[in-house]
Each structure stands twice: as C-alpha cells, then as structure tokens.
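When the chains are written out, they are named A, B, C and D in that same order, and each has its own residue count from 1.
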C-alpha cells in the first residue's frame, strides 16, 4: 500500500517535501545506513527483550551478496541465553495488552503513531532494498512491494450482538487476543511479511516475539527501531536474532498461546507437532497456472508467466511452479521455445549464472523450464517429483488438449499444497468449472490471472487446511491474531423463586 | 431450538396433529423402539460406510443403566476392518460434495429434507431420553436440550467482494469446505453434539466420518436413519461404531483434512499431535463462577448454582467447577451450609448414592462441594489439584473479600482451560473489569449468569486457543467446517504490450 | 421458498402425511373455501383492527374472473369509519412491539408459530390460486411463487460493537423498529408481497396497518386468519379493506412513521409527497433485456424471453418490457417472426383474446411484441412512449449491431425506472461493461439471465433511488423495516475533577 | 480523527517537522490567509462548476464576528445564473464516476491524495478557527473537532455473494452510487459536516453539488482548493455559493438523484416534499439527558452537562436541550443553583452578553436554564413549547422522583425529533429500561453519558425516520451515499430444450 501512497504523494506537490525531510531524518532512529554498510564498516544488530536492546554472547558475520565481504554482524543467540525472552512472554496476560474491554485507547494511540509510520516506511524501503539478497538481479520488483499498514485499527475488533431469549439478555461475539504469541518469518520477504503480521498481532492486542531468518533479521530490527521512534512502547514486541533452534527453545519453554509461522513445509510440520497444533501456517506453495482454451493477448499472458515464474528468481512462495498450457492453438506454443512433442525435456535455462561475484552460498542460476507430458506427470512414480516446490527460477510446463481437463483437475487435486493458483481464461464456464473443483487459497481467474499477487487488496494464504494462515486483509488479521469470545449479558429481571424448579 | 419449536407447535392447535402423526411413523425409519429395548430383546447397531449399513466381526453388549441387563449390541469394529472407511474418506474430493460454485443446489435439497427433519426430531428426543445414561436421575433436563437445526443453509456460505485495482478486477472471499473430515463426539450429549456438528459439516459441503462414544452411538445411528428417511443421500455420512483406537486407525490411514473432536483433554492433545494440528477441539472445561459484591436475588442465584454444578450429575463440560463467592454480606453464605472459617472442608455430599440398581461402571455419587480458602487454592502446590476438572456432581467453593479481586483474576488467569464462565453481578464496572481480564470462550455476565448455557442462541466453545472449536451459531459452523478461499477475478481489458516491463 | 420445501417434502415419504393433514385442517381457520366460492355462495370479508374483526358500513361485490358472477363481498370502508384504525396505529410506541432490548422473546414466540405457518402455507397457495385473476391462463406459474418465510428471526436484529475511546466505552450499532407503519400492496401478487413484507415488518418489531388492493384483499385476510391460528397475537396487525382513498385518509390522520408502498408510480409519487418522503417504494418497472453478441442456446433464451414477457400476462413489475437483440447473427432473429427491416411494426399479437368468459373489466389480450429501430426509439419525441410500462403481455423489441452498444447503454441511462434487467451473455467483458454502466436494482447476467426472478434467494427491488424498497432477503427486511440506532455505553471510570476544563 | 492524528504526530519527534512544513505551504493552495483577513483586505470567494472557478454577478459582504467589519466577499449567485450547475449535474451518469465495476482504481487514486489531505487538514483547522463565528467564545472546543477522513475507501464498497439455485448461478449484493447528488450543510460546522459528507459522497462514486450556508461557505471553498491541491480532479465536485433559494432552483432543475440536507427542520420538510422524498435528513435535535437514581461523580456529570448544553453556545444539533434530573438525593441538586420547588422558573442566565463587539446579527446571550416541573411540562398546552429546540445556550431542566420514570419516558415518546440522548446511570437495569423504550439515534448510556458526542468512532444521526441520515462511520457512508444493487450471475450450463415448458 505504501508504494501506492508514495505514488500518490509523489504526484502531489504538497506531500513531496515531507518525504524528503523523512529521508534526512534517517539518522534519528536507524542504527545502520544502507549506503555505507561494507566489509570495512559492518552493521551491528541487537536483540530486543522487555523493551531493552541487548547483545548476545556470540555473533555471526553475514557476507554481502554483492561481493561476499562480511558486512553485517548479527547476534547468534544460543539456547542458554533465552531466559529473558521466556520470562517476557510468560509475563503477558492471556487477555493481551488490550482487548475490546481493556485499554481500548491503545488502538487510538497506535493509530497516531502509525500515521507517522506509514509515511516513514517509504524511506525504510530503501534500507530494505540494499539488504535484500537479489537487489542487483531484480531491483524493479521492489517498487511493487507493499508494506500494507491497515487502517481503522479499532474496526478490526468489531463484534456483534444478537437479541437474547428474554428481557435483559443479549449475546455478543467478540474478537479476543491470544496474549503471548510468536511470529516466525523467512528470508525472502524481510520487511513485508514481518511488518504485516506484526502489525496485525499488535492491533488485536497480542505481544509477539519476533524471529526472522538470521540472514535478513537486520531489516526487522530497523523496522522496530522505526516503530519505537514513531511512538510504539518498546516492550510491545520482543525480537530474537539467531538460529531457528534457539527460537524453538523459547517456544518450548514459554509456550506462546499461538504461533504464526511462514517458511518451509518441513519446519512447519515439526512446529505443528511441537506446539500441539497451536499454529497458523503459511508454508510451501506449489502454484499452478491453467491456461484456458481461449487464451489470447499472448504478449500479456507470456509476460505475466515470466513474472510469476522468474521474478525475484522465483523465490516467492507464490511463484508459478507448474503451467498447464492448452494445445488447441499451436501458435500459443511460441510462449516456449523448442517444445518437444513428447517426453520430459528442458525447454530453456538450467545453467548457473556467470560473470558475477555473488557468493556461492546464495546460488544463482538461469531461469529454467522443464516440459513433462501430462500423462507422464500423473503417473504415481513421477507425480511427487513433478509437484515438488523448487525455491528458485524454475517451473514445470505441461500441456492439455480438449477433453483432458479432468486430467488437469486430477493433478490439482493430488497436489499437497494449495497456496496460489491462476486460471488464465475469460471463458466464464471454463473458469467456474476450474474454480469449483480446486481449493487453492489465493486463486486468480481471468485473462490477467497470475500466481504472484502478493498482499494488496486481498487475502493471501493457503486453503483447505485448518492451520492455514492468511495475510493482508482485515479477515486475515482477525483469523490469525484473535479468537472468538462469546459474552452473554443477562441482567434480569429475575424470575420469582416460585418459578424455579430443580432438575 | 427444537424444544422451542415443539413448544410453539404444542401451543398452536394446527401443528399438533402432524407431530402425533410423526410419532406413529416411528416404525418407518427407526430400527429400535426405546419403549421395547430390554435384556430379552436387545437393540442391534450397524456401521454405515459409502451408503451401506454393515455389521462388524465382533460386537459389544451394553448394560442398561437402569438395571445392568445387556440391552444394546454395538459393533466393536477392529483396526483390521477399517479399509472401507479409509477408502470412502479418501474418495472425497478436497472441494467437498458441494461448495459455492459446485452443486449449490445441494443446499436447497438439504433444505427441503431438513424441514421434515426439524419436525421429526421432536420424536427423536424420546429415543434419546431412554437411551441416555442419566435418564432416571434428571429427566427434566432433557426438556431443555436443543437440537438446533440452523436455518438458511445457503447463507452460511455467504462470501464477500471488494472492488479491485483496475477495471475488470474484483477480489472475493469465499467459504470453502475441507472435503473429507472426521467428527468425534463423547457420551454425554449423544444427540445434541453429533447433530449440530454433523449438520454444520454437511451444510458447508464436507463428507464426515462420524464416531460417537460406543456407549451411546446407537443414538447417532438412529439420527442417520432418520436423516436418510428425510432425504439425505446415504453416502453423505459414514458412521463407525467401536473403540476409539479403531477410529484413530482410520484417521491415521485416511488423513481427513480436518477433525472436530469433543471429549477429554488427554485424547484431544494426542489427536492434535497425531494430526499435526489439523483439528478443532472442544475439550476440558474448568468453569468458574464469580459472584460480585452486589449479589442479590439469592434464591435465583442459588438455584442457578445448583443447576450449573449438579444438573446432569455435573457431566457437562460447562458444569460449574469452581465458585468464587463474595463475603461482604454474611447472609449470602447461606448459599452453603456449614461453611468453615478456614482450611479446606467438605461443605456437603461426598458419599455414593444408594438404593438404586445403576451398574457400578456408571458410578453414582451425591452432589458434592468442597471449600478451599482462596490463598490456599492459589499456592503452587495446591493450584493444579484445585483446578482439575472432575466430570461429576462436584465443585470447589472459595470466597473473596473486597480488595481480593486481583487474587480471583489471578486464579482465572492461571487456569489451563477456558470454556465457560459466569460473572454474577449487575455492577457494570465490576462486570467489565472481570470480562476485560479473562478469556473464557462462553461467558455469561449479569445477575442471571450461569456456566451451563448450552447452544441456544449463542456460540459455545473455548477461547484463547487457535484450535478451539465452536458450536451452535453460524459463526461456529463457518469457522469449524469451512476455510477462507480468496478468488480474484481479473478479466481485463489487458494493458498493451508496450506497457509491459520484465523484472 | 415454500414451493421448494414442498418439493423437498414431497420427495420424502415422511413429510407428505402432515401436509395432507393440513389440507384437511382448512376448516379450522379459513372462513372461505376456494372450492366452494360462487355467485350463489359468495365469500365475505371483514376488517381487523386492534385484534377484532369488524364489518364496514358498505360492501362491494367482486365478479368471478372465470364467469363474471359476483363471488366475494369485501368491505368498502369509507373515510368516516377510520377512527379505530387511526387510534390503533397512534397507540403504538415508536419503540415498536419489540426491539433488541424490549421483549426479545417475541422473536422466539414468533419463531414457534412460524414453523407451523411455513408448513401450512403450502395449503394456502391453493386458496391463492383460485382467487387470483389469471388462474386459468397461467396456472403453472404458481408452482414457482414463493412464500419466502425467512428464518432465524432474531438474527435479523443483529447489531455490532466497536471498541471505544477509553476504558468503559463501547459503541454499538443496532436495528430499531419504526413502531407504527403502513404496508400497501397491489393486486398482482396478493399473497407473496403482503406475506413477505408483513413478516419483515413484524420480525423487526413494527405494528403494520395492511392495505391490499380491494380486488384481492380476501387473500390477505385469510393469511392473517392463518397467522392467528398459528399463534400470532391478533392485535399485531391491522387490516383495512376498501378503496385507496380511505387508506390515504388513515395515513394522513395516523402518520405512521414509515410506509411501504408497492404499486403504480403515480400513486407512489403522490404518497411520497403526502408523507414528506417517509416511504419505501417499489413502483414501476420498465425492465430491459440486452442480448450479447455471443447469444447461443437459442431455445432456452427464447423460452426465457417468453416467460419474462408474457407469463402472468406480463402483469409483473419485473416483466420484460424491452428487448435489445443483437443482430450479428441473422439466425438469432428467428426468435421473432416477420422481423421488419426498418420502422416500427407489430411483430405478433395485438388482438383481444376470444372464446372466454373473463369479465371485460379484467381485460384479456394476445401476447404482443412491437419492433422499434434503436435510433428511432432514442429520438426525444419517441423515447418516453417507447419506454412507458404497459402492465400486460406486451414488449418492445429493438436490435443493435456491433459498435452500437453505446446507444443501448444510452437508452438504459435515459429510462426513468430501474427495477430489473437482464444481460444475456457469457462474454464476461461484455457483461461487465453493461453492468458497470447500468443501475437496475435486480439485474441478472449470463446466458440464463431473466428479468422475472422474483424473490427467492436474492434481493428484489429498484436501485438508484433513496426511497427504493427491497423484498426477499435479510438485507431487504433490515433496510425497509428498521433503522440504525447507535448506542454508546460509557460506564467509566470517570476522570478526576482536576482533569475537567470548561469550554 | 485528525486532531487525534495531530496529537499522535505531535508526540512523536519524527512527524512534527512535516506538519510545520505544511503550515509554511499554505500559500501553495489557499486563496485566503486567515491571519490577514480584515475589513481593509477582505477575502474573495468563487463558485466551482465543471472544474472551473467562476465569479457570480453579485456578491455579499460578510461582517467579521469580532468587530462587525466586512471581511469576506462571497458570491450571491442568483437563479438566473444556475444553468452551468444544472448542466454539470445532469451530465453525471446514474452509475456515478465510479462503482464496484467502473473505474475501481479511482478509490486508489483518491486513497493516495487523501494521505496528503489527512496531514494537511490539521493546518486547515486554523483557517476554520478564524472564520468560525464563535472563535473568541469557545476556542478550546475546536481542539476536539474531528475531520474524520475515513480509511480503506475500497472496503466501503464491499459487497457480498450467496450461492445460487443451480450450478453457474450466484447472487451478489453491491453498493451502487446515485451519480448526481446534492449536499447542503449549515453554518455551525463549516468544515466537519461538509468534509465528512463530501468525502463519503466521493468515496461511493457520486458527483456532489455542494452548498454551504453562505456565512461560512468560504471554508468549504478552501477545503476544495486543498483537495485539488492534493490531487482531486477539479470536476469531481461543484460548489455553489449563495442564498438557499438559488440552491433550491438548481435542485428543481437538475433533479439530483439524492440530496443530503443538514439544517433546520422547516427547510428539511420542504425539501422532502419538493424532492418527493429523495433526501436524507439530519435536522432538528431536541436532545434529552436523563439522570438515573444512582448518579454519582457529580463534578464530572455537572461538567459534562455544561459542555453538552453550553459549549459552542449550544449551537450544535446535539446540544443538551432538556435535562431530567432525579430527586432522590438532594445533594445532587447543587448541580443547579436556586432550584425552585414548583412552577417554572429561571435557574440562571437569560441576559445578553455585554462588553463585546460581536455584531447584533450574530446574537450573544448568557448560558441559560429554565426549570419546568415534569407534570407541567407534559400538559398538552405546554409540551410543544417546552420541547422546541432553541439554537443557543439554553436548556430546560426538570426533575423526576422514584416511580415517575413512566412520565419521563412518556415525555421522550411524545417528542418529535430523535437525534441524540443520554442516560446518565451505571444502574444497568435502569439503563436497559430507558434504552428499550426510546428511539434517539445517537444515545449515550453510562455515568459518562453525554449528548454531544460528535462523529468520532460512532454513527451520528437521528433514528425512527426512514429519511434519517447518518454521518461518521462506514455504515453511515454506505447508507447515505449508496444503494443496494443485486446482481445475479447465471452463466449456465443451460437445461436442454426438452426440459422447457411454457407457462
């Protein structure tokens, strides 16, 4: 949303000045300057617990993705250092820092400082850009990232009332926080995911412990420093830098009442077991795109395919993983060069990138597509391999002919993860058939359909799983960061004693 | 709700006739007649799978709670017999039997046969009564049980739309079924809980496997036979009689996409681990009642206490487990005889019932109350024992004085389970303070507050736990039996090729 | 909805019996038997006021539409007899008979008797059929009429809460009744419109004065007698038979706080002036249907056109008044015989029906269609005539070619009334363009689009007019029969005196 | 809301700078500088129509409320000059400037420039302050005025979907604009009311003609100039300065599809007749406050009474007009000095203010209270006089004793206008009784209850009148500035021809 604001601001002569001023104000709150980070002047991070910034015993030096030089020092917190984090979480009441009846004014205060935040976040994007792994590969992408600070905080806690059974009685449904919660997010969206989920957690009255992948947790730290600067009480959020195992130790000891995890499926499932299911998950995405028999506007559709499959090097959980192209029109096949008539083949790509100084640990390969015939993909011995998410610039391509839609839908049904999907068609009957028989959580339909519509005006998250998290909308915030509490007020009048019967 | 209808019907001369006729129609669908069940003519149960009623290899004979004679033969299905159940669940598409885009007319068909069902269920209550364990102890209770068939099925699947980012785009939030699901319910409400949750599962488009505690699963079987009679397709629900371990084996093999479990906390937590958290739980209830300093209408309040603590022999998850009485007014203490001034003491009860032929396996003790001083209860060495749910006619009583409200709230905060609660007070500031600082899911407040307000016009379920289930309202059905699916339609027009940039 | 139930019931063996029994029960509450009404044994009607059935000084004899014999005697109440009606309305408190805080149990009581009503209404349909003017012409139509008794009455009064500005404060939005209201309905749907609107008025807590066109008000009377029989308190609704002028006199003297009027535009506008706009209106409908360039399934589309234009002799406010056919495909023109190439011409019909004994006062003409070229229709000197509603089996047909869509939309924009409309197309871009540029209240889109989708699962009513009424859905009931009332509770704590400043 | 933001901003060091910068930017868009307006350098206003600022033939010079010198020249537009306004409104399509399907991106664009607006409005308040009549009397008040720019514009157009009757069908409820509308507002809130309603009108897609009381319309003009500066297209709003009669002439000729009028009851009723009820009204307020038998915190309650009755010289439609004090506790009477035991008497005030240079046309009297015994007030010959709104610092006081609550409620029932009200009590049974039996639209309850809670977090508007407008919340915007449009999509598949029957 911010980018949008920024654009709006940029267009108006009035608002431009303040933004420039904010840029100058960077030194007031940031502890690192992305323009100056380098091997010779590395940035330093710190943990935040109970409102105090604190170092850890050990640190880890991160290499600059541009040249491999160490440029950031981040706490490598160990399990024997977690006591303050556990204590801090345990001190949070189950009723949260605020709820519809407790400290409602916190929504207002937060409201105030958020206005400052919204404006300031534009600046923060620049910090983000420099730190993100793929800056040099896909700089344009970041213009589209959204920081999405929702509005109307108090309306998120909207409840409802229903008339009761007798005079004096009313039942009401309320949204209640969980109190102490954990928020664990991955490397690939170091600002967007933590910012959106953190704000949701705070809005609903929770106190979150935040853990971000160590490689990019510096971004989250700077975000928190900015929030403090804008007025957020320092003890509202704890931040733990360090390896995932340390975070796991905190969870085991502090037992937050709910945990939002975004990351790999393997860790997600382990966390689900360890917390006895007290989680919301946004894990693997094997995101398909089905082209309808009516595909047209080939330039646009092909461009969107490239965006979906390869932007950000495909390192988005919403990246296009498998394309079902329709073969009724041969011309459409130009979408992909060198299409083989049968059998799996490399369509393009597959080689490492050269001529760069990106450290090997980050990896860098060409955009790649592999063709697999539909019937072959569906064979039990192939299916799992074909439908395994590869977190990089890679996709599987297959084709279907008239009459084969049931096979396409069977493939979608047999897949394991159901995050995003796309039905590229304006044939409304075709679209409705595919939608009616699939379950992916964020599904685009229409000639402009895409798989990577990250949180803007809509919910983003998997479907078909009771643990599925959402992000980006009021519904998502209410689902993930609050629960239903029913309060029935029954103030009388009271029936006379003569009307009472024991049972 | 039915009881209410029944009452309404009973009052009007018109509707009475049809009900009588339904009673006469019992033989058309029921396979047991509660009036005739006995040791010499025991009833027989069968499993239902893929629309066919089937026996199991072994059976178990249940003793009549009135005289100990075996009177019901129920399948004792073993793990080596589960293949058809697994196969049946696995055949269910993830998109369910219907969803907002698939087979919407099923809501209507269901609608039609539900009208018949609603009327017919009144009769079914009689069957229920006879079969329920405690019939002879608390027959009056059943007049109040509700069968709660919700109305307006299609409105449960109401979605929403939000304008998009450009012409042709709209985002929509939809409720989607899970497809294959499991529903596991306990002995104490053999009709109400299965009926309400089963209907919710069906309304939203799922196919449930139903397992009810073997001692009362005959009731669920008769319910299904009635539903078939009213028009429900026989393959819409599977029913598994037998031990819990067999049900667990089905879950492990079939992996339903979600499971609703109502029952003990121990089994609930194990199930949460085994399913990796794909559960909704309604487990233990340690339900407190706090009396405010302004308690009045003592006859009514005391009567409600007895109802909450001892009706149905306290075998309700919503039974009053702990009472915080206020001591400002000594007269109020007459609520309880022989109150000790300090130290834990038996207030009343504590002995086995005599002069009955109830088999020992069922148990039968006097209504019992134990007093524990508040400070003693809060000691770490006592707290767990004092706040452990006893599934019988038992409660802990304590007292608090002016100034001790923080101790009362501390006790509530430290408890583990948060199902129902009551704040007996019309002092609105007191009420708001207690509500603001507690999290129980179904909380009554006001001079008529109670802990056992089973599903009528309001949500019933725990709060503060992301796995918490709800029952009894549209919100509960939508939460437990469906998930959010976002569909973004984006039909164009498409931007010109010249406007496309690769990133 | 009933028809649907009835169907569901008919399919199940269980529910059929009770319905038959209800038929036999007719004599318990009905004062006329449609099977026996005739010139020799005419039915007699009475007014209902303050719970008492009362005659009027004069009566009017209605001729049987089948043979012209007088067969119903209906009160011809005169302005000098209205005092009891005025007094009855004036005695109603503005807070209604119930509201969310007053007598909430009335929703439940009503709930009870409505179950009986729902079942019983099936029978009532038979009464309706016989009395309706066009029984012999279009009997099949009535199978589709819905009596639509909504469910979940108390949920119609659902309110909402939002956290306040400081502890102790919450704001809530509530639906509040108007108290004394009037409900005025026309001849063409003597059961459906009064039943739906009456129930909505009652559900929300109002006391309505009901006036139905004198020619069919006998149906409303029988409905009220049935409602009384099912348990409705007799003083909850007043019924006034007689000419519209008498009803107007009551309104002028009693000043109900809101009036729902369904009928002619002329009367609607006069009423709007006389009540100073305290009205909701559902008046004229000039309902267009636009065929897209992709029309197919010609049999179906043509059949739907005939239904929309001519069923019930076109005497529905939703009848198809103007058809915009697309000319890209000559074959489609077979829809209409003898299409002229230019200039207005009679396509078919235009003559009186013969060979019947329907009294002349009712009128009876052939289904008729007139073709007018689009450009001619748009001329200022023609437009008003072409777009005037004819309440009979009549439609205007025009055609449009590729490139002329702006002219079609201009025609829609320039029309005065905006009730129903249809866009017959599965071309989603075409559909979205037409929908985006029109305002009709109930608009069908898609190849199955129609103009006459009377209240079933959707709102029915005009759009684009702040006085526009709705019927048939919870939203409609809430809009028409209740208003928003905001209650802000603010119970403290109170700031200290030292913090108070005068301003 | 802005004041709140401003406070939030003021507290944080970051945001303070930009605000200061905005103050300096005044010259970029404002055409008058409130610091420099004077008799020697009067400000000049202009009409805005179709995006162009235009003078009128005649002007009117307004006297400075501080010293009577003419200091503002405002167009005195005459009926013979209205053609461009009529033409501009008539050119607006009924589908508005945007709707959920047309130009949805306008919500986003607007969103962008609103961020700038929100920040900038703080400055605008200073302009407002200087121009407002009572600046020197009650300057503190303005700190509390809210400009309330709502957030999440696109969510205001949120619609809903419900599954249909057969595959391919879905019904949806949508909010649709009226297109050309009028907005007429009074002198007493020259910024708040126009700003809130104007924004609501724009958000929903309407094009408003704005007319503000000529004495303060300069404020609205500066608001529009600021909006243009922030990016609003100049043709989105027309502004007409001049007498009300000229505005009436525009309405009569242009016939906007809806009109929001805030102002006197007399004009409101005339407008309702002239527009045939196509209005939403917020007119007279005769706002009562009932003190419960439990009143305490007398300092606070008395302070709130003074605020409600006399702040802004009582020139708010929500000002406390009548106080029902409870007499159970004599001490409470100190609220009012010199209370007479019987008969109507002046409690205090009643004299003109002296020692000022406010022109006589504005008026200036002391805060005044008159006591009238309850029984006297209720007499038919007194009631109308006692319950007539006086738009100044004046209130009627009465008292009630235990047992007289029915008389109090009778007084509330018999009043004509139902805008705001207050129930000052924490006795929840008392509060519920009063709320259940009254209908005022914005009603505060609780010990902190007040009558003048202007739009902050809640709806503000009358209840019990179908023409009643609301302001300040999403519900208000949706009610007043949009209507319900139901779209049923029905895309097939189509039944076979053999299944079609004519009727």
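The criterion applied here is as follows: contacts are C-beta pairs under 8 Å (C-beta built on N, C-alpha and C of every residue); 3 or more make two chains touch, one makes a residue touch a chain.
Everything quoted here is computed from the prediction, not taken from an experiment.
Its C-alpha atoms fitted onto subunit C, subunit B is found rotated by 180°, rounded in steps of 5. More C-beta pairs in contact connect the chains of A-B than those of the other pair, out of B-D and A-B.
When chain centres are defined as mean Cα coordinates, A lies farthest from subunit C.
Look at where the CA atoms of subunit B average out and do the same for subunit C: the two points lie 41 Å apart. Taking the mean of the C-alpha atoms as each chain's centre, subunit B and subunit D sit 48 Å apart. Centres computed as Cα averages put subunit A at a distance of 34 Å from subunit B. Annotation for subunit D: residues 101-102, 108, 154-155, 162, 164-165, 167-169, 426, 428-429, 432, 436, 446, 457, 491-492 touch two or more other chains. Residues 100-105, 107-108, 154-155, 157-167, 169-170, 172, 174, 426-429, 446 of subunit B are the ones that touch subunit D when the two sit in their complex. Across the interface of their complex, subunit A is touched by residues 93-95, 99, 101-102, 138, 140-141, 162, 164-165, 168-169, 171, 173, 176, 178-179, 257-258, 269, 272-273, 275-280, 297, 299-300, 303, 306-307, 311, 413, 418, 426, 431-432, 435-450, 453, 456-461, 463-468, 470, 473, 475-476, 479, 483-492, 494-495, 497, 500-503 of subunit B.
On the subunit B side of its complex with subunit C, the touching residues are 4-5, 7-9, 11-15, 17-18, 21-22, 25, 28-29, 108-109, 111-116, 118-120, 150-152, 154-155, 167-168, 229-231, 428-429, 432, 436, 457, 474, 491-493.
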